[in-house]
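Multiple structures are listed underneath, in structure tokens.
In what comes next, chain A is part of two complexes: it sits with chain B in the first one and with chain C in the second one.
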Partner chain A sequence: MSESIGLLHADKRSPADAMRLFGGPALRAALAVALLGLPLVVAPSWLFTLGICFANSLGVLSVSMLVRYGGEVSIGHSVFAAAGAYTVAILEVRFGVPLWISLPLAVAVGALLGMAFAWPSRRLSGIYLAVTTMALALALPEIINAADAWTGGYEGLYVAQALLPAAPMGLQRYYVALLLLFAGVYALARLRESRQGMALLLARSHPAAADAFGTRRTWARLSAMAISAGIAGAAGASMAYASATVSPSGFTLWTAIFLLVGSVVSVYGLTLGRALLGGAFLTLVPQMLASSGAWIPIFYGCALLAVILVGHYAPKLRSLVERRGRGRSAP
Partner chain B sequence: MTAPTLTASGLHLSFGGIRVLHDLDLEFRPGEITGLIGPNGAGKTSLFNCLTGAYRPEKGAILLGDRPLRGLPPAARAAHGIVRSFQTVALCPDLTVVENVMMGLARNHHAGWLDAFLPLPRGRRERAAMRTAATAALAEFGLVDAADRFPAQLPPGNQRLVEIARAIVGRPTVLLLDEPAAGLNDAETRDLTRVLQRLATPDLVMVVVEHDMDLVMGICDRIYVLNFGEFVACGTPAEVRTDPDVVRIYLGSDDD
Partner chain C sequence: MTQPSAVAVLLSDLFPLVWSGLITGCLYALGAMGLVMIFKCSKVVNFSHGNVAGLAAFLVYGLSSGVLLQLSWGMAVGVTLVAIVAVAVLTYALIAPLVFASDLTATIATLGIGLIAQGVTLLVFGADIVALDLPVPPFRATVLGLRITGYDLTVLAVALVTIGALFFVIDHTKLGIAFRAMSDNPFAAEVCGLSLKAVHIFAWTVAAVLGVVGALLIVPTTFLSVTTVAVFMLQAFAAAVVGGFTSLPGALIGGVLIGVLMNLFTYYVSPEYSSTFLLCIILVALNIFPNGVLAAAGGGSRV
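After this line comes the complex of A and B, so read on.
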């Protein structure tokens, strides 16, 4: 996996090419405006689905962040998402704390859990780290069930408190999830421009060089994991609010695997469009295949294969077409 | 301000019973360019790795002035102003050229995590200041036009110059350059020579590992010669050039 990540970054692209690859600013702004206006044109039942799609997109973004900045793959991000979701749900149900207070706490709990995991595993990488994260995800549902006095056990908890008392709850669930996704994308765009973000990228590609210029590898590992887990915590909070419920069945090993699948489908992209692509693959494709009965896994597998192949070959096909176009226009 | 002298004494390093450095005593003085030469496998890069903390020698002391460095991790030594370039260019492919150079300033800046995620004035000021300094360092090598390109879009020689720009941009106390002229053409080597000579001031200890003998003999004030991890000779370029041991083991004798 690390090699493929390396190849992903080693292509000779100019900033203009990179912008084209991830969609220009105008395209991103148009997409954001369209999403903000979508409730005006779609049926209320779709708002619920789209809210969950945005929450999943944020979860996908958290996994992609770890790949891009930490060079590592996680099969356990459902744990950090669960930490955020249960923080919001427990604070609301047990203490009546509204989302605008519990959300930052959910991010902090996710980030702290990420650091707590990253410290003992700081010398692990590649498949060893991935399997370690998987172990967390495997154990999580049982841990949640065992702590049923707080978590509600198998039945879970209901998140019902409105953020704005006067506004319809369906719209609130949609816009909270969407604005959290916007915030996640924006924060990561800022991180890319920051000293810390650049140091993380250098530490991922050349740890010795990062060391030599004052960036400790342990700091880099802990920071990448904490940021990624913090975003996963926000995604969990978003899932809790958008779906109105939190239960162990929402945070199984499969949840973690599908977050990784979404990240692969989005080609580890950190832009709004890429994150939405991954989130839509997790949320909307199963919905569209819902009437296919026993064929669902087969169709889903085919769709996954098709998206990955298109993602892999599209840049090559584009450059081939461009080369041929230049060849024809040459005298 | 005069930089402290960097000294290594009684340095031993081995890997699995293979002796890499043996009882080395060296002194690198401020204001001088010290050359470190020797055949492949002589231990030059290993010595750099010991000085920067990437390797831990089994025995011996490393002092920056009076300050012992042994046991300090690489990042802590970087905080003391010890920086290096690498034998194989180590630029981040995801950062633009100017951003790679900006990383040479990272240890001097302290904007926090809030500045990293939010458009706060301190973070913006820091980035602007880093970019200005990095662009000035690139200008030393005539690479300002390449500032916003990615390293893979530059020829190998220019990539190496970018790496050296990253090393010098933070005004280090100790600058360790590992084969800085490898892959450079004549014009680029002349640019490099000019920059290195200008950097040779009392506020910098500069050590150069290099196989380009014309460059080494042309810019170095003193040269250490290593062979199989042992110290063979030390002196001015003229003294080293005529040292019979050096001529025999490294530069080649008239009989060859």
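After this line comes the complex of A and C, so read on.
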């Protein structure tokens, strides 16, 4: 599969293209400042929705990271998010551990789970990872309900501990989700420039060259999955904190598929703007279509297909138009 | 009066369980073979398989029960088959350009198709559970302490005929030879003048028909709801993985294995954790025989 993965359309865009789409550093910084100042102007009920939107954005980011660096698709990232969310919730409810301490643990638990489930398919083509993670996502609600002494079963757990004792809870939920999203975007931006990130990208696009430089393909696949699942764990922690609850119904196969839809809609982008686009898509569409639930999967399916097909045909159309234009201007 | 020994009890349970596992296993195999057909020639994993097959089962229900139309059962199945084959061809037409560019993107696109099929099912038929009966002959016999019903025999007969016909087509017809050539080496096959698209459409059509047959026959063992057939398809995926994802006989063996193992597990351990058990089977299968049971046994396969 490796050579075909190189053809993912997101990668065909030049960096300059991406800059034009979602702004350079200045525009990105402006977006970040605007988000930080948003609680001053919007109603508290919207703050809650926005917090969940940021958490979803981080989840979308984790799926996009796996596509970009691992060249693989996961239909089970809800599992790693659930691992993070339940780590935070169980530590708080059972042991009174605050988010400061449980958050790094959530990331670690997510990363370890990711490694564990990438291990069986480490030498096989990417579809096996997709199928394994799909089975994982389907099995997850059963496992959560089975461990109801810890997880609270169907009803789930409440996450209500304040990080700062004095500040209003609504604002804390908002800012925790937002800062976690910033941290995720920043970490991925650093990863792109790091030695490790280069090695991963090389192993993905030129396995033979990576071999020659001493990067083993197995290692590259496992570590891409570990990083992605770790981010998903952080996203889960963020979802738990921003929505104040965790329950099995929040982490079904559909959650995982929707995260992938969000990632596709954001064209596997790793920037703040793209991640927000995917997260907003996941959060706002169900709200708008709340009265007619059956339209949600239809809408998501159509959006997924539309983005993929546009991504496929747009470069061809553009080159066609350019050729036409050149043909006409030439005498 | 002597108590039957524990072993005798175990065996008297075991035999019927294996038998009924074999029956459902044949249906998982039908689902798995559809996935394998598509994967073998186009390297795309069709994640819409389960949802489209589920839509088909609902269509038969809707057409024969008066929700949509009041047709005879045979007519309803015929209309549904035509509709689902049309959906398969349409799906392929939509993603065909992607298949040749990136199989991963095409695989993601099938998820989109699956979402749409799921949404349409919900929209037209709602989220309720419905009962769909098949006109199977009311037959009942006891052989060696084993109760055999008309349903069992129908499933076996349909599965044998379908799979036999498929293997015949793949082994002996030009289309089948083209399919095998393409699975072995698409580039060489194209150089030899075979049309990749024609063979792909053949595979998608056959897969759709296999999915409809499997979905229809599985319904009497449970009930019909939006999720039933999707769960059935997870079992088909597991069967395909056990069989190695590129081998049709492997998918058949994988299906029967999954059917029997699932039956034993739900009876002796717990019916609640069936998805977890399937996950374990997939993980174990990937670790022990990553290329499928047949490759592990050392047997090469043609189809």
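Convention: the second predicted complex is superposed on the first by the 272 of 331 C-alpha atoms of A that agree within 3 Å, B and C clash if a C-alpha of one lies under 4 Å from a C-alpha of the other, contacts with A are read in each partner's own complex, and residues count from 1 in each chain.
By definition in this document, a residue touches a chain if its C-beta (ideal position, glycine included) is under 8 Å from a C-beta of that chain, and two chains touch if they have at least 3 such contacts.
Source: prediction; values computed, not measured.
**Student:** One more residue to check, A:Ala187. First (chain B), second (chain C), both or neither?
**Tutor:** A:Ala187 contacts chain B only, not chain C.
**Student:** Using the superposition on chain A described above, determine whether A:Ile143 touches chain B (first), chain C (second), both, or neither.
**Tutor:** A:Ile143 contacts chain C only, not chain B.
**Student:** Under the stated touch criterion, which partner chain does A:Arg326 make contact with: chain B (first), chain C (second), both, or neither?
**Tutor:** neither
**Student:** With both complexes overlaid on chain A, does A:Arg216 touch chain B (first), chain C (second), both or neither?
**Tutor:** It touches chain B, and chain C stays clear.
**Student:** Identify which of chain B and chain C touches the larger number of residues of chain A.
**Tutor:** C
**Student:** What is the contact status of A:Gln196 with respect to chain B (first) and chain C (second): first, second, both, or neither?
**Tutor:** First partner only.
**Student:** So in the superposed three-chain picture, is A:Ala208 touching just chain B, just chain C, both, or none of them (first/second/both/neither)?
**Tutor:** Once the two structures are laid over each other on A, A:Ala208 reaches chain B alone.
**Student:** Residue by residue on chain A, keep only those touching chain B in one complex and chain C in the other, then list them.
**Tutor:** In chain A, positions 9 sit in both the chain B and chain C interfaces.
**Student:** Quick one: which bits of chain B touch chain A in the complex? Just the residue numbers, please.
**Tutor:** Its residues touching chain A are 52-54, 73-75, 78-79, 83-84, 86, 90-96, 99-100, 102-104, 106-107, 109, 111, 113, 115-119, 123, 126-127, 130, 148-150, 152-153, 166, 170.
**Student:** How about chain A: which of its residues touch chain C in the complex?
**Tutor:** 1, 4-5, 7-9, 71-73, 75, 117, 120-121, 123-124, 126-128, 130-132, 134-136, 138-139, 142-143, 146, 257, 260-261, 264, 293-305, 308-309, 311-313
**Student:** Enumerate the contact residues on chain A facing chain B in the complex.
**Tutor:** 9-15, 187, 190-191, 193-199, 201-202, 204-206, 208-216, 219
**Student:** For chain C, which residues count as touching chain A in their complex?
**Tutor:** Per the stated touch rule, the residues are 39, 43, 45, 47, 94, 97-98, 101-105, 107-109, 111-120, 122-123, 231, 234, 237-238, 240-241, 245, 272-276, 278-279, 282-283, 286-287, 290.
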